[in-house]
Amino acid sequence: MMDPNVKVIVDTVWVMITAMLVFFMNLGFAGVESGFARAKNSVNIMSKNFIVFAASSLGFLVLGWGLMFGNGNGFLGLEGLFCLSGADNSPATGDAYQGAYSAISWTGVPLFAKFFFQLVFCGTAATIVSGAVAERIKYVSFIVFTFIMAMFIYPVVGHWIWGGGWLSKLGMCDFAGSTVVHSVGGWAALAGAIILGPRIGKFDTGQIKAIPGHNLPLATIGTFVLWFGWFGFNPGSTMAADPGAISHVAVTTNIAAAAAIMSATIMSWALMGKPDLGMTLNGCLAGLVAITAPCALVSVGSAVLIGLIAGVLVVAAVMGFDRLRIDDPVGALSVHLVNGVFGTLAVGLFAQDKITGTATGNGLFYGGGFKLLGAQLLAAASVAVFVFGAAAATWLILKAVMGIRVSREEELRGLDIGEHGNEGYAGFQVFTTA
Amino acid sequence: MKLIIAYIQPHKLNDMKQSLYRAEVHKMSVTNSLGCGQQKGYHESYRGVPMEVNLLRKVRLEIAVNEDFVERTVEAIIEGARTGQIGDGKIFVLDLPECIRIRTGERGGAAIG
Amino acid sequence: MKLIIAYIQPHKLNDMKQSLYRAEVHKMSVTNSLGCGQQKGYHESYRGVPMEVNLLRKVRLEIAVNEDFVERTVEAIIEGARTGQIGDGKIFVLDLPECIRIRTGERGGAAIG
Amino acid sequence: MKLIIAYIQPHKLNDMKQSLYRAEVHKMSVTNSLGCGQQKGYHESYRGVPMEVNLLRKVRLEIAVNEDFVERTVEAIIEGARTGQIGDGKIFVLDLPECIRIRTGERGGAAIG
Amino acid sequence: MMDPNVKVIVDTVWVMITAMLVFFMNLGFAGVESGFARAKNSVNIMSKNFIVFAASSLGFLVLGWGLMFGNGNGFLGLEGLFCLSGADNSPATGDAYQGAYSAISWTGVPLFAKFFFQLVFCGTAATIVSGAVAERIKYVSFIVFTFIMAMFIYPVVGHWIWGGGWLSKLGMCDFAGSTVVHSVGGWAALAGAIILGPRIGKFDTGQIKAIPGHNLPLATIGTFVLWFGWFGFNPGSTMAADPGAISHVAVTTNIAAAAAIMSATIMSWALMGKPDLGMTLNGCLAGLVAITAPCALVSVGSAVLIGLIAGVLVVAAVMGFDRLRIDDPVGALSVHLVNGVFGTLAVGLFAQDKITGTATGNGLFYGGGFKLLGAQLLAAASVAVFVFGAAAATWLILKAVMGIRVSREEELRGLDIGEHGNEGYAGFQVFTTA
Amino acid sequence: MMDPNVKVIVDTVWVMITAMLVFFMNLGFAGVESGFARAKNSVNIMSKNFIVFAASSLGFLVLGWGLMFGNGNGFLGLEGLFCLSGADNSPATGDAYQGAYSAISWTGVPLFAKFFFQLVFCGTAATIVSGAVAERIKYVSFIVFTFIMAMFIYPVVGHWIWGGGWLSKLGMCDFAGSTVVHSVGGWAALAGAIILGPRIGKFDTGQIKAIPGHNLPLATIGTFVLWFGWFGFNPGSTMAADPGAISHVAVTTNIAAAAAIMSATIMSWALMGKPDLGMTLNGCLAGLVAITAPCALVSVGSAVLIGLIAGVLVVAAVMGFDRLRIDDPVGALSVHLVNGVFGTLAVGLFAQDKITGTATGNGLFYGGGFKLLGAQLLAAASVAVFVFGAAAATWLILKAVMGIRVSREEELRGLDIGEHGNEGYAGFQVFTTA
């Protein structure tokens, strides 16, 4: 047995560094979302993506953490609710742990390390919403919604799955957050996109109009950063420097992304005649989202399959949401919602018990029958109902109270001038006809 | 022949293309421009410093047509660009003594369309 | 004096500058423009949505010349810009009653060059 | 009516807007343009390859005015744009037979201002 | 007691990785500064921000390190001055250490690890100057100044505070460098901005003119990178993988940034009617600068307060420097100088003895009286006098010898063409009227 | 002796984190290459740089790894060729290791950690090609070539030098890959650039025409990211958290970059009258490439010299390739090929035996005579012959089978529209005359 102090140190170093990488994903989201939007809204999108993490940081500290990890019932945390105020003797683990946050006492790092790592995940869920509501939402309403996300919606689901709640008790397993982070963000985004309605011009004339993004190089940079950050997101979710697990997760994560890039590119090549860069980028993210839940629970071969499927799904979904007249400027729904759900189910299909140590039982394809798959399905469904419902309610209340959509004039001229009084690219000649 | 120059609101460009097509005017040139007119512009502040923006984004059209097309073109522009609000823009009509199609060397009315 | 306006394919600009220099036309103004003409444009798709692009990138030239330079200028433009393919562009020639050189205040033909 | 076109140095735009306001000319359209004139341009090198830049940044103005405003407008432009150095630019004055205000449909002199 | 070899290894890994993050901040500064400037000067700003770290690397190696950490008197290092040439038996620590650089022998990592970590801090101080003198300074003069900064000005102050000099002996405490790095950079920048004078057009007509930045998305990307890098800057300053300390510092650092973002945004919303993105970004940086000194010495609650104040200060300062007719295109003074000083004093107010192990005594608000606050005040004042004086002298000499400002024609056409013969965005239509 | 488990853990953490940094270099390459190209090709370049790592990931997994590290003869790996299928008992090292990949059993990390680290290196070699063939190559042909690179060309050379092949047996030493990665990429790029021919307009009129890059800020951002990533590339190549070695390598790597930045800038200043930003950036990369092989084998002083020389070489090479009428839009040949070769030879000149532990014998300048230099020369030469030959053959076959160059019309209008149907900067006014 190795020196326990050393283990705490190395685990903490690993958790902190991977958490920093996940934090860095905020830059990635900002790049992707503003790159896929129009120049006249670039400042607004940057502002949203920037302030969203500030709001999450405050909201998750004040209440979110407590609701998510506080000892409580199957649905909510109840102990040490506010500002990490609960008793805690971290890094003590297992039975040695005494405190208000037992659900996360399996990892032997200081409380603040746990908090910081969980905080960056909360921020990710909140930022996903930003993309789907882009180019038309009121800045202030978005900020308020972000607080609701970080303080209530995200932590409640988090409690169910990672906080010792009812879903975890049913054996549902979401290793790094395909459901907890991505589909939670996705369902909230869907509610927002539907309630806001499409951007002016998107579906006006009956048929679907393309609204090209203003800076695809920026979107590409953003996607690279997200891919990079995912090496914190997934391998870091071990919350311990376990050599076998972290290297396995890094490889499955990367190969799923690679496979999805290929299948999404080929798919768009086939369907549209040319390989659309936007689809290639969305494909990468789709693969990463899909492998997030299973990354430590499946083999490298399964990861390739999961990636290939994710890449096909995302292209179909982007086109599908347009057909459904749901306007998602950056493809956030196709990436995070659709593939968050798929990744969650993929665990039920491809999981191999203890492949990196985590006991999950086998998935359907490995003789585990429907037990695990059932739990995953139930989780996906119940999260859908709760998050979509809660988010829709929140959006509708905000709509009634303060309004959530900018005026037609402002939308036409651009939210940069309207909401911020700034121009994204002062001096540049930009056609703002669309 | 006449050369018609029009300044319109950027977001009306698509409507105007439609109305021009309906008037069977298919050829045009578009540039973007900054305009200063009745529309007084707006006040913003950048890093705490107030700034008055009085050059607003406009789109400039140039359409060369034969005499008999002038009126319908002007009407089509008005139809497509008009909102009734300040800032709608202007149309200027100039005489166009000569027009040449580079590809064929054709001159005059034949080269316009 | 005349004011010559020409729309040409962007990638022909350099050739045309050469041919104008050979014709001893050294002064000009260039802006970029979007044009819609015989050239039908092209179909693309963005994120799975088909889009029809019918405003193509063009370069717009403005050259003010004295009467005796008009023809050679027009020929130089044609020589430099012509490919024989649809999209080559157009030349428009307007009357230019007055021209002033800001630096010296000179007026008329003297100010052109 | 006349259509006044002027090419000036970009950094003189603000001065010129001032002098035009003083001359009570409040309406104008501005585009940016590249110009080639007396001003010979400059030599640069990019990654070791010498390049001659002879298309310099200019600002293009278009101002439509009634006859009685022509002179004061021209003078205002000169006052605002002049530095006495090569590159100051040019003013071109064209006849403007017709002008229409899109918002109201007004025509002629009434529509100019 | 844990295996000492292991401790050296883990500490070195931590120090090296956090140092890399701090290095990465160079990208952040480049993005923020060029984004807030005009397109016609973007190449010049990128060049300055790029070469500044090269110059610092050489200058700090040749002399800076020796002056800063060499054994010497209270004011200067004297031993092993040049090129790390002094005797040294790192990673030996404490009494076991024998060598020329005793002041930094408290950390048990190899000499080169100490050097690399300190080097990236030196580079940060030098790069701060770049923003305040942007859009008008001669490239060559800036390079020369950078060498002076890295070889003399920065190391001298560094010696006073981190090199065992007189201020450290007085009990002054600057955990990660609000003074040593940020206010040193800030005072040098102030001297430069004053001596250079404002950009053409900024204050010409008597009143203040706004000169909008050309690429706010780039500025936002840059700020995200700085925020990311700060997780190296502050937690890394433990120079040891101490689980409790590094997780505490990460949380205080992040929450201060979040609080400052909020207060700066609300402040600009209130004062200007709209939330200016530039102010939100400056707010983030202000919070990070302010928490740099106290990050390991104060509670999370205090960190929130410090952040809130920093956000308000930065907005007021940006507007204030304009009123004073001091032209700082990117807000470097408001961020690094004003909040560097504030952060230094905040230690004297909010410090709680040994909250993460470092013995500081309590600050004023925690019953420590004026002792610590006094030391912090004295440090802030003496650094102000020395750095402003030394920098002003340097700028004036450079002005006399080689000139420091480009010609009027060059400034109007842009420094990209004038100084480098490049265009930042070849082919793009950019209005260069302002 | 320290606890072996701990060593495995810390080494794995180090290897994984540095590998992530190397992965991040993909963003850097994308930024540099698209920034130096024209706006009308920015989407295509981003697409190439994005998909290249996906293709490498799949290709290296399927076959590359096995060819490179599988036990075999001096020229090829033969055991466990496909999909890491060979027997392996990593992290066992030395004699304790039993498996198909003995050549890399010197590092005590899990197999997947070894694979992930080697994969990101393979990706780098493949991506180097992208820059030299930019703005004219067919997307599909580039993708096919990338698979060939990752599955055959790169692994074969890798086997010779890092896989226990004939060159390693001759005592040739390439610590982090000046030859294995950079000159391999460079030779393949040279073959491509020659066979493709220059871009339309580059050499048409007999003399050389400048084709300015469209976004130098983006190119600068990219270079910063590469510099950052190199701290993973070089220090990570220890594949063990050896405090002395990693800190030494970080310092030599950084100082060589700094020196090269200075010499390249001064050189371009002298030759062209002004300091060209592009040359400064290329200088940085040149220094990094040149120090890649010697980083752990030479002193800091030698690193400065190597950097200075690299900076001069790269400027001369950029101008030289133009004279030779070889069109390399981004300077990839001057950076990776010329300095990859130089760095390899520099080991033979400046190496000091065991300076960080690796036994190389001394270089020429340290009394080691021509032994080491000879091995380095032989390696450089044989790699040149093999890679240039293999790559040229591949390009020619692709040319015959599917064509490798886009049509004249497409090149004139831009590959973004032609190959992808996208615009990089929709709405922006961009002159596409050149």
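Order as written gives the chain letters A, B, C, D, E and F; numbering starts at 1 within each chain.
Everything below uses one rule, namely that a residue touches a chain if its C-beta (ideal position, glycine included) is under 8 Å from a C-beta of that chain, and two chains touch if they have at least 3 such contacts.
Small disclaimer: the values here were computed from a predicted structure and weren't measured.
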When you check each chain against subunit C and subunit D, which touch both of them?
-> B, F
Call it same or different for subunit B and subunit D: same when shared residue numbers make up over half of all numbers used at their interface.
-> different
Hey, which one of C-F, B-E or A-C is the same interface as D-E, over half the contact pairs lining up?
-> C-F
More C-beta contacts across C-F or across E-F?
-> E-F
Per the centroid of Cα atoms for each chain, what is the distance between subunit D and subunit F, given in Å?
-> 52
Rounded to the nearest whole Å, what is the centre-to-centre distance of subunit A and subunit F, using the mean of the C-alpha atoms as each centre?
-> 33
Could you tell me the distance, in whole angstrom, between the mean C-alpha positions of subunit B and subunit C?
-> 18
Can you list the subunit A residues in contact with two or more other chains?
-> 3, 6, 10, 13, 17, 212, 215, 221, 272-274, 276, 278, 421-422, 425, 428-432, 434
Multi-chain contact sites of subunit D, meaning residues that touch two or more partners = 31-32, 44-46, 94-95
Every chain pair in contact, whichever chains are involved = A-B, A-C, A-E, A-F, B-C, B-D, B-E, C-D, C-F, D-E, D-F, E-F
Complex contact set, residues of subunit E against subunit A = 2-3, 6, 10, 13-14, 17, 21, 38-39, 212-217, 220-221, 223-225, 227-228, 231-232, 235, 241-244, 246-248, 250-251, 254-255, 257-259, 261-262, 265, 272-278, 280-281, 284, 300-301, 304, 425, 428-432, 434
Contacting residues of subunit D [partner subunit C, same complex] = 5-8, 31-38, 55, 58, 60, 74, 77-78, 81-95
Subunit F to subunit A touching residues, read off their complex = 3, 5-6, 8-10, 12-13, 16-17, 19-20, 23-24, 26-27, 30-31, 34, 42-43, 46-47, 49-51, 53-55, 57-58, 61, 83-84, 91, 109-113, 115-116, 119, 139, 215, 218, 221, 419-429
Per the touch rule, the subunit E residues reaching subunit D in their complex are 412, 417, 421-422, 429-434
Subunit A residues touching subunit C - in the complex, by the definition given at the top | 208-212, 268, 271-274, 276, 278-279, 315, 318-319, 322, 331
